[in-house]
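Notes follow once the structure below has been shown.
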Amino acid sequence: MSVTEILFFFLSALAVFSAVMVLVSKSPVHSVLWLIAVFFAISGHYVLLNAQFLAIVNLIVYAGAIMVLFLFVIMLMNLNAETEPQKHMWMKLAGVISGGCLLIILVSMVRQAVDLPGKTALMKEGNIGLIGNLGKALFSDYVVPFEITSVLFLSAMVGAVVIGKKE
Amino acid sequence: MPIQYYIYLCLTLFTIGIVGVLTRRNAIIVFMCIELMLNAVNLLLVAFSKMHHGAALVKDATSSVGIEGQLFVFFIMVVAAAEVSVGLAIIVMLYRNTHSVDINFLNRLKN
Amino acid sequence: MNAIIVSGLLGVIMMFSGIVLKNRSAITNLAAIGLLLLLIANILGTYGICTISINTHNMLRFEKFGMFFNSIAFAATLLYVLLSGRDLERTGVNTGEYYALIFFVLCGVSILSSFNGLLMLFLGIEILSIPLYILTGADKRNLRSNEASLKYFLMGSFSTGIMLMGITLIYGATGYFDLGHSPVVPSTGEQRATFLEVAGILLLFASMCFKVSAAPFHFWTPDVYDGAPSVFTSFMATVVKASGFIAFVRLFDRHGNELGPGPTWSLLLGFVIIATLLVGNITAVFQQSVKRMLAYSSIAQAGFMLFALYGNNDLAKEGILLYSVAYCLATIGIFAILIRMNDYTFDGFNGLAKTQPVLAITNTVFLLSLAGIPLTAGFFAKYYMLASAVKAGASLWLVIVAVIFAAVSVYYYFRVIQAMYFKDGDPATAPIGTGFKAMLILMAALIILFGIFPSMVLGAFYF
Amino acid sequence: MIPVLLISIPLVTGLVGFFLKEGATARGWALLSSLITLAVAIAGVFFYPRHQLNFDAAWLPDLGSRLTLQMDGMGKMLCLLTAISFPVIFIATYKNNYKNPGSFYALMLLSQAGLTGVFTAGDALLFYFFWELALIPVYFLCSLWGGEKRIAVTFKFFIYTFIGSLLMLTGILYVYFHTPDHSFSMQSFYHTQLEPGKASLAFWLFFLAFAIKMPVFPFHTWQPDTYEQSPTAVTMVLSGIMVKMGVFAVIRWLLPVFPDASTSFADIIIILSVIGMLYASLIAIRQDDIKRLIAYSSIAHIGLMSAAIFTHNATGLEGVMVQMFNHGINVIGLWIVADTIEQQLGTRKFSELGGLAQKAPALAILLVVMALANIALPLTNAFVGEFLMFNGLFQYNLWMAAIAGISVILAAAYTLNMVQKILYGSTTAVTANAGDLRPNVQWILVLLALLVIVLGIYPQPLIDLAKDTVAAVLGK
Amino acid sequence: MNKLALLVPLFPLIGFLVNGLGRKSLSKSAISVIGCGAILASFAISVMLFFDVKTNGGTVTTLFSFISADSFQVPFAFQIDQLSVIFLLIITGIGFLIHLYSSAYMHEEEPQHFGRYFAYLNLFVFSMLLLVMGANYVIMFIGWEGVGLCSYLLIGFWFKNDNYNYAAKKAFVMNRIGDLGFLLAVFWLLFKLGSASYSDVFANVSNLSSGDITAITILLFVGAMGKSAQIPLYTWLPDAMAGPTPVSALIHAATMVTAGIYMIARSNILYTMAPATQTLVAIVGLATAIFAATIALKQNDIKKVLAYSTVSQLGYMFLGLGVGAYTGAVFHVMTHAFFKALLFLGAGSVIHAMHHEQDIRRMGGLRRYMPITHITFLLACLAIAGIPPFSGFFSKDEILTAAYTQNPLYYYIGVAGALMTAFYMFRLYALTFLGGFRGTHEQEHHLHESPWQMTLPLIVLAVLSTLGGFLGIPEVFAADAHSLDHFLQPIFAESTRLAEHQHLGTSQEWLMMGGTTLAIVIVILLAVRRYRNYRAAETENTGVSKLLEHKWYVDELYDALIVNPLNALAGFFKNIVEKSGIDGLVNGAGRLVGYGSRQLRLLQSGQVGNYILVMVLAMVVFILIWFNDQNIMRFISKIF
């Protein structure tokens, strides 16, 4: 078992465990922290896959900006474990079972896929994940969507203003 | 790494996200679970991108095949950020009016 | 490209209009002028005159079908602003921002009508959706509006997640994000080589079903349409929904691919269509609020529009355009009248024919059109949908089920007509101006005109 | 040009009618319009050459549908019936006061346009259009000016028939896509070969629409309620002309389009029709309401028509066509009597009536004439039609004819029952002060009675009119 | 002469129109002159036609094409031949007398109703003339139904009385039952031969299979059963006595009820070729003759007795037809028309005098007050009883003799019936005219002989009843003296040729005649003796008497077996099947939608979690559908 593999499995286990902890934590703050742990694990995967740019962006945008925003909101609302009443047991059960069904059925499809075995994700090698290559592509072939995302941001901004503004 | 591993991992994370959406009542946590789903997608995209890249490299050493996957991830992150700003604004607005973020109490609209 | 750029720019202009213009009706007028400009720009673009051309690297593809739909959407929005602009001003203080958001939505509409790849589809849908989350919650003091907004947002984000997973799986299977390469047309059941792709397509399909509120992904629709301020419901239920269908149809278009829709695909769509028709029509029957009834009716109409997907031929494309026209005209009209009513229940309409005969008669035309009665545009809309399905060799049973549900739909549409004409009451309405009435009459006349000569719409599409 | 005029005169005058506010003006306008239409119809049927009776223009080129209007023998006959009926109805109900008279008469004229359109359409899609155009004004007429339970009843009627017509539309679509030239024209439909299984499904889609309209047992339950609740002028349109739409449509659009299916399902339909005849007749015996009795009687008569159609027998078909015309005349006459009684005495219950023969001899005589026509007494017009239809049925199956014949006996029973309960016996509290017919009603009834007798003695012109259609329908 | 035939029905039609339309403006005398005059004119022309036919034979006149359908032609044509001219004479002749009689009998009516009465009567004559003059079965059917209508109108003439109306309706409906049979027979003929004209039908009989002929004849006979009041469709006739008495005389004795006889006589070739039907006709006729006679024995209403007597006599006529004695049957029609019309008119005279009292138990001794009526009535009774040389003797004897040659049993039963006839007729006679008056004093005070308009017809008919028999003198009395037989010979020639006729020995025939006559005389004496000094019995009848008095409870039986079940069925249809069944299904579909709506609404719980749960499950289902498409398709195709 190579180092890559060990790292892969470790990060995977961490990601899954943290994700589960996001669910089961009573306190929203804990959930946020566990989610950040998931993001770190995923960033680790990005590094393994030699997608350094995304690894960094992931950390900055998700773990850094978004999760902080979440934390702020949670703090602002002063939410704690007691404020969230539990769902009915059967509802939880139904959620888990249906989620499990979806997982099983998707996994079974993947397992049946005849063209997948033998295909591997290139680890460490390959330089498409480097910022230079990505940037080149982004500002040449992908310039239109890039510009269009500005509309998205504008609308999000207007939206936040509309919602947040006091009347 | 065999691509299946990534698929299984990402599907698992994705499903955990879905289960979170289904089982939690706190709107913020639900929203976080959705973010988790998006992250699972992102990871899978990167893995696929590397898979295609690897396949293309065999034929052409200078190939940039697979880069579109990583760019897609970039766009997803952008959209997610925008969504978060709007989403949190909505949640805060609701909290201001009801002093609760419990989605189970959202049932004025039904039938 | 004209449409995307101009609508984006107009959005920015409207954003700042609130600062410059203090008079709200001036903002509305500005928006109307902007929409007119947008419409003109798009029509010019359609005919290749004064086109801003940008190398989109095959991200967008401008076809007559999409461009024409843009015109329909812009024209419908223009009508909508002219009819309901005054009501929009009353919704809150941020009139300029609302219009800005509407223009951003139209930008999304333009992208969805010309996307050429899953990335642009995704972006278009997000640009379309995010402003809507906000517009839904525009009535900030109203808990129903808040609730609708949050529900819409949560479920919309969830469906985005599903869509992204679908796109990812397709990418994993084919290595491409654009329609040209990726055989996104579902293959037949026998060709199971690319299970990954199938799973992706199904997830993508599910998320698109969500956007067009096809059962069983329709649940957000009644709550959101009901909770949102009526002015915005009108917009969401018409232009936005129609553009969702255009995206759906374009996505699953045969697109020169040899792989036609196979039996499995028909089967799946058949289930969705029947479920949608069932849920929409049957649930609408017992509603007490006209607004909520219209929400369910929009689901029911979606069931019919899904036939365009089922048919997936020329007739279907023509039909979905005609359907958009008919449906937008009628629904915008009904909502414009509904907004002026003080009481949204059916009883609130009692005796309208006596106090406001013009409203009653035009409303009747709109309702008849929605019900698909001949001599209204709605008839030919439904006709094309069914015809495309029959032409595609659909099982007659499916069509029969559809027409039976169409008959059920008569029940709830006619309840409004009955209330207006056959029952006594003194419905209170907001003041109604002559211009408003004239607009309504114009729209009703258009509906009847298209009901007699549908070729007028379709002729414009062809030439 | 004639059919265009026949449709457009009532259409245009009807639309104008909406803007008339005064009762007298609206009435006069409607009457004038209907009389002009009648003149045109008479001219068209009797004096104009054949090519004047056809019209063809482009309508929806990309759909394969044209604005084709034509009048063959059956078309002529039914157009004539429509054109005669409307002035008759207007005159007979001239004194009835309606709120919103302008709209009332306008809707009546619109329905006339729709009916004429149905009878002349030579294009399936156009046919469907007129089919609905005829229905919608009637829905509004019933719901706005009807009896107490009008809203629910007419709504049921509307939805019921609407389901039928939508199914028919499905069938039309289906056949359309199998026409050789992708056209809705009647000729293309006639020349379409469908595979048997699909043809039978499409056949039933068509038939259901027509069966609901006619109505054929067991799709008839909308009918008595609707007839009862509608204002009588509308009931006359409904039962005098509108039910003929169903019969007409079967002859024009069912038999020639699905020759094989209609042969193979003939047994079922004939059996249903015959059951319906007996069933409706039996129910009619127990009715206590003039309108409901006439309604059930009408179901029985229509049952015979539908049975006769499916015998695929030329004689029977001629009978059906003759009877379409005659039944229209007769049933309108009966409704006029029913309306007079209701307007004058405020009741339609037999149990409250009686002895009117003493008080209103003119009404008595005319009612008896109409009643005799209803039971198809020889030398009344209905006899000829029923004679031919029974003849056709007999040639199809002796036992069917014999069983169906029982309804002839039952018809005598319930019709005479009605006559007796209304006219004979001693007067009741309600009828003690009854007066006789108003002049307008009386003269219209006399006119109808004359038609009844003249067509009963000399029916040959009607039979001759029917012949070319029969040949076309069975000739395929 | 052809055109002349048209005038025969035309006059009554004009009379109908004039009297009908002018009933409010014309005076009673004008009405009666028009009414009677029209018939008289017809009679005159009928006489001319008679002589014409006698010299030139029959003719067919086509007016216009009545129905010219795809597969057959029905011309509106009249056939004047020996058979129809005889009937023309009877109809117009007796019709005229009865019209004349009516002008006095109905004089109390208001002018309006008086006019209505004559209009109906004229219309009846018109229809009856159509019936006999028609040159095909369809025209005959027109007349057939037309007389039914007039019968209906006249029975219910006094429409204020609901019982009369019921009787009228019953008559019409029962006739319709028969008419259906007639109609089916016509269809059969049209189907097989493409024509219903007598000439075509009789010429092409050979093209029909024996099954066809049997069926057609039976169906025609069903029609005759209705019109001519044979078992089982006879019950309307006694009830029809609700009409004015002259009507009973004209319609329910002399003319309309003999239409069945006419029809079978007209179709004699068909019947001759269908021996099974003939047997049926004979048996039904005989059974009716006996059955009605038994009922007549115990009836107390003067008109009811005559009504059952009519039924019984009609039975004899059918017996005659059944055994192939067509001439005899027609002969009996004729003589019966004379004496039965006379009886009814006489009864009418009595009723008129008694102020509408019809119960013979309250009469008696009327001979003192009403001599002409008495004498003529007595003559008629003798005629019907079959005492030589009155007319009834000859005609009845001819039938019975013919019956003997077919089957002696027919003869014996027939004679038994004749004895009963004699008995009840003389019971009637004795109760009415003999003994002392049993009515109220007031009635006695008003008893009077009727005016000349009434007595004149009585006298004329009495003469005819007495002498009419000499038209058909049997072979045994004088060879070749049967003038009616000679006259009708062309009509029945074919049948006579086909059927083998045995002839009885002369001595046997004498013996039978003598024996029968003797027996009848004895019965008459018995009856007169028994009822001459009748006193109303206090005790109720029991046993057979009660059964007879209640007409064997046939009406009740019909009610229980047919009318009531049918009514119940109709009620069941109306209240249960229609409301809950069919309409219930229709409304049920609507309610199902409503129910579904209420249930489906619950799915819309308002909970985001539930919504998303359904979405997730739906995705699972989508994938499952994708992988099981073929199974699902197979399943679906199995359903449809």
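Letters A, B, C, D and E mark the chains in the order given here, with residues in each chain numbered from 1 onward.
Following the convention adopted for this analysis, contacts are C-beta pairs under 8 Å (C-beta built on N, C-alpha and C of every residue); 3 or more make two chains touch, one makes a residue touch a chain.
Just so it is clear, the structure is predicted and the values come from calculations on it, not from any experiment.
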item: Distance in touch steps, counted as few as possible, from chain B out to chain C; value: 1
item: If a chain touches chain B and chain E alike, it appears here; value: A, C
item: Label of the chain whose CA centroid is most distant from the centroid of chain E; value: A
item: Centre-most chain, if every chain is reduced to its averaged C-alpha atoms; value: D
item: Distance between chain centroids, defined by C-alpha means - chain A, chain C (Å); value: 32
item: Whole-Å gap between the CA centroids of chain D and chain E; value: 36
item: CA centroid of chain A to CA centroid of chain E, Å; value: 101
item: Inter-chain centre distance, chain B versus chain D - centres from mean C-alpha coordinates, in Å; value: 66
item: Chain C: positions in contact with at least two other chains; value: 119, 123, 126, 130, 133-134, 137, 140-141, 151, 154, 158, 198-199, 222-223, 411
item: Per-residue overlap in chain A, given as positions that touch at least 2 other chains; value: 87, 91, 94-95, 98-99, 102, 106, 109-110, 116, 142, 145, 149, 152, 155-156, 159, 163
item: Sites on chain E at which at least two other chains make contact; value: 601, 604, 606, 608-609, 612-613, 616-617, 619, 623
item: All chain pairs that touch each other; value: A-B, A-C, A-E, B-C, B-E, C-D, C-E, D-E
item: Footprint of chain E on chain C - complex, ascending; value: 151, 154-155, 158-159, 162, 189, 198-199, 202-203, 205-206, 210, 216-217, 219-220, 222-223, 263-264, 267-268, 271, 278-279, 282-286, 395, 397, 408, 411
item: Touch list for chain E against partner chain C, complex; value: 593-594, 596-598, 600-601, 603-604, 606, 608, 610-612, 614-615, 617-619, 622-623, 625-627, 629-630, 632-633, 640
item: Residue ranges of chain B touching chain A (in the complex, touch as defined); value: 1-9, 11-13, 15-26, 28-29, 31-33, 35-36, 39, 42-43, 46-51, 53-55, 57, 64-68, 70-71, 73-75, 77-86, 88-93, 95, 101-102, 104
item: List of chain A residues in touch with chain B within their complex; value: 4-5, 8, 12, 15-16, 19-20, 22-23, 28, 31-32, 35, 38-39, 42, 45-46, 49-51, 53-54, 57-58, 61-62, 65-66, 69-70, 73-74, 76-77, 79, 84-87, 91-92, 94-96, 98-100, 102-103, 106-107, 110-111, 116-117, 119-123, 125-126, 128-129, 133-134, 137-138, 142, 145, 149, 152-153, 155-157, 159-160, 163-164
item: Chain C-facing residues of chain D, complex; value: 60-63, 128-129, 132-133, 136, 140, 143-144, 150-151, 155, 158-159, 162-163, 166-167, 169-170, 173-174, 176-177, 198, 201-202, 205
